[in-house]
Amino acid sequence: MSKTLAEIAKFLDAEFIGDPKIVIKGISGIKEAKDGDITFVANPKYNHLVKETNASAIIASKDFSAVTQKPVIRIDNPSLAFSKVVSLIFPIEIKHPQGIHPQAAISKSAKLGKNVAVGACAVLEDNVEVGDNTVIYGGSYIANDATIGKDCLIYPNVSIRERVKIGNRVIINNGTVIGSDGFGYVTVDGVHRRIPQVGTVVVEDDVEIGANVAVDRARFDKTIIGKGTKIDNLVHIAHNVIIGENSLIIAQTGISGSSTIGKNVILAGQSGVVGHVTIGDNVVVGAQSGVTKSVDANTTVSGYPAKPHDIAKRINACMQRLPRLFKTISKLEKKIEELEERLKNK
Amino acid sequence: MSKTLAEIAKFLDAEFIGDPKIVIKGISGIKEAKDGDITFVANPKYNHLVKETNASAIIASKDFSAVTQKPVIRIDNPSLAFSKVVSLIFPIEIKHPQGIHPQAAISKSAKLGKNVAVGACAVLEDNVEVGDNTVIYGGSYIANDATIGKDCLIYPNVSIRERVKIGNRVIINNGTVIGSDGFGYVTVDGVHRRIPQVGTVVVEDDVEIGANVAVDRARFDKTIIGKGTKIDNLVHIAHNVIIGENSLIIAQTGISGSSTIGKNVILAGQSGVVGHVTIGDNVVVGAQSGVTKSVDANTTVSGYPAKPHDIAKRINACMQRLPRLFKTISKLEKKIEELEERLKNK
Amino acid sequence: MSKTLAEIAKFLDAEFIGDPKIVIKGISGIKEAKDGDITFVANPKYNHLVKETNASAIIASKDFSAVTQKPVIRIDNPSLAFSKVVSLIFPIEIKHPQGIHPQAAISKSAKLGKNVAVGACAVLEDNVEVGDNTVIYGGSYIANDATIGKDCLIYPNVSIRERVKIGNRVIINNGTVIGSDGFGYVTVDGVHRRIPQVGTVVVEDDVEIGANVAVDRARFDKTIIGKGTKIDNLVHIAHNVIIGENSLIIAQTGISGSSTIGKNVILAGQSGVVGHVTIGDNVVVGAQSGVTKSVDANTTVSGYPAKPHDIAKRINACMQRLPRLFKTISKLEKKIEELEERLKNK
């Protein structure tokens, strides 16, 4: 849907500089943008791309300082503005399934709220409870005694295991498993005996989970994903892990059993956390890092074993210089030998 | 279900110290435990938590030495005892599906043993064989000519591919794929041509597999998961891998094609093993390690490339001291210069 | 099916040395081969296994130089020859499902080409289009407005999300998700707000994808998997990633948002690529490496952060020698002290 620059600025309630009649037909990243697109710059580190972009207009922050002839909309939070403009230009009708598909398999004891949708070949077992307006796509499986809140989106081929509790406005992408058995064994005479995993998982309100994630149920008690936390694809969350509110767990990260992750934590991609440690609020763990002990709040750590990021960077810089260091040492050895020789001859 | 301390001790056939009438209502980890819970300490390294726990009783090993006023049940294997107590206090009725759901899709040529359950929207293709008492949950897919033994649990949305053989008492968690095509290509003039993957997978008795695991079929011959081996979530097992008995493969580990893993091996989380190597019996591979060549039996290795753990630790300790080392070297360089100057002036 | 050596050589149109009447009953890897098997050696580094193999015949390259008494078929591309022989000896009938299963759930608005198969409990939503001869296995889910080309194989429990476009001759293994939501949030006052992911995914012709892979849809525009690229199990491909033709992405690799991967690139297992970088054509990234910035074409990189492989190897070699280096330095310190003492006393 085309909009003029003036219409977009008015919709955002923002100031702008440039021809109000410019027509915007699409939205794009600053690199990919072509004539007719609007783009955005939220981070000054991308300012250098401004002069190269083919976009017809730019949404930027109020303190945007790049020099450009392009029309600019200035607004406090350009990223947020951008997401609003996306909905304005591409008013995607949300075509989720509606109503109960005749090929869904729903137990008679399941309790569905108002306006619930259940797709074809979805299975809802005994005593499942689903809140109002929740959509359960085809091919998903909701086990006995699981409860799902209001306004949730459960995409196809998701598994929600027995007794798991899902809050309101939760989104779970395809293939994800919530409540698989924790990995707990007792080794008796060389044979691994299963410890019953009688706990469950609680996924709080506004959590969003990517594709093919695995969240294990607690051995006893609960594995908890805190309110507003977002989890990327292929993440592993072991039994009895507790994650605080509004944390971001990036793709392919693994959290071992019984570890506690604070609020507003970021675990970057492919990072790992050992079991039984505590990661404080606002901690950032670098990509591919391995956290082997507890981390104080408000810290950035990286590397293996994870350590304060500035120290990790210093060590890393040293490593890059190792080949030269070895040469330096060889030279020093020779010089010392020479000095020793000379002193001997005195 | 509440039990007194005396009842629990009697059930375990174990000694205890403390008031026999204390009522235990729940079970919990030593940190999370609250009044009325029983907890356990299997590993002396958690003894320091004993004085802080709110548990009403502790199950511990016979040589447990922490000082505590709490009632203590002493027993040879506290972890095993604990798992027994779990079943005593939480006698979870196993509510697996029963019988054949009318919305299951079962080929006429499939052969089902006695007392087999098949859930809604599960698919069993031609010539599938399923042993007595096995439960195949809704949404799972069992391909042509696959066989599954007795007393197995196949959770929802599992895929078992053509001709795969699953033993007895095998548990497979949701979303796992057994028998996907091996990753084998021949590059002819820059184009990757598929090598037919005509082998299969054999999963032996008592194997348990987590959620969203992928086990590839062999190019020819068999990929084998040995008896009693336990596999955690999101593990990748490539074509023609052979894993021995009673090994533990922790979450997000990957094993490349044609590698052989011994018995009682532990591959810790996010570790990787290259193709065509052999890992001996009783080897332990550290978390996030990368095994690039064969590893002798009874060894612990870690790091990248994986090396004996004590060497890896020593190297790691050196790395932490690198920034200081660089300073030391600078000082030494200056001192040598000074010495050279002084000698010159003599 | 048994074949004589002469029959196999004739079928391959290749020279051979040895008894033409030798009967080949099976095919096997050089280590596993037993009497009656034919095996192959494509890479001289496996020549040392030739003298130990129990195979009855060997397919090798024209410049094969290992000494052996075994019959040898010499041919330009032994790997390709091997894959042909596999089909000759094991003429596996491809028993894919045929026709439309009565328990498939297909929207009336879906358009199916000629000879399309759809398995039990597969779901095809509104306006799905499927090309001729494509097989969609049971338990898979194809969302609204998705299109799938001709001659594709979509294995069970695959999810193809709304508006995704799949080319011709594409193979997707079980549990894989194409078109899950990209991980894009704007943090406003500490709360992560979802950026609508209104783009899609294009999977070009001849792409093959392993099991439990996750490919995210673009925020806007398209995530693209280039023609002929092959993707192994449990790989994560984030939103707006573009992968060129004929690349190989090995198991458990992760590619972050908006990165561009060239043609004929190899990303080895468990490697990671940060967002917004470009990896040139023909680049090889080593296993478990972390790519933190753009990589020039025709380069091999490894380590963390990924650097040219020969430099990474040199640094790695230095690291192994660090404990000895520390001892050397201690000795040098002492010698310098001694020298200083001696000079002082002069």
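The first chain written gets the first letter, and so on, giving A, B and C; residue counts start at 1 in each chain.
Following the convention adopted for this analysis, a residue touches a chain if its C-beta (ideal position, glycine included) is under 8 Å from a C-beta of that chain, and two chains touch if they have at least 3 such contacts.
Predicted model only: the values in this text are computed from it and were never measured.
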item: Residue-number overlap at the chain A/chain C interface, same or different (half cut); value: different
item: C-alpha-based rotation, chain A on chain B, 0 to 180 degrees, nearest 5; value: 120
item: Chain A-chain C separation of Cα centroids, rounded to whole Å; value: 25
item: Numbers and ranges of chain C residues touching at least 2 other chains; value: 103, 121, 139, 157, 175, 212, 234, 252, 270, 319, 322, 325, 329, 332, 336, 339, 343, 346
item: Chain C to chain A touching residues, read off their complex; value: 103, 105, 121-123, 125-126, 139-141, 143-144, 157, 159, 161-162, 175-177, 180-181, 183, 185-186, 188, 190-196, 198, 212-214, 216, 219-221, 234, 236, 238, 240, 252, 254, 256, 258, 270, 272, 274, 290, 304-305, 307, 311, 314-315, 318-319, 321-322, 325, 328-329, 332, 335-336, 339, 342-343, 346
item: Residues of chain C defined as touching chain B within the complex; value: 26-29, 32, 77, 79-80, 82-83, 86-87, 90, 92, 95, 97, 101, 103, 119-121, 137-139, 155-157, 171, 173-175, 208, 210-212, 228, 230, 232-234, 246, 248, 250-252, 264, 269-270, 287-288, 316, 319-320, 322-323, 325-326, 329, 332-333, 336, 339-340, 343, 346
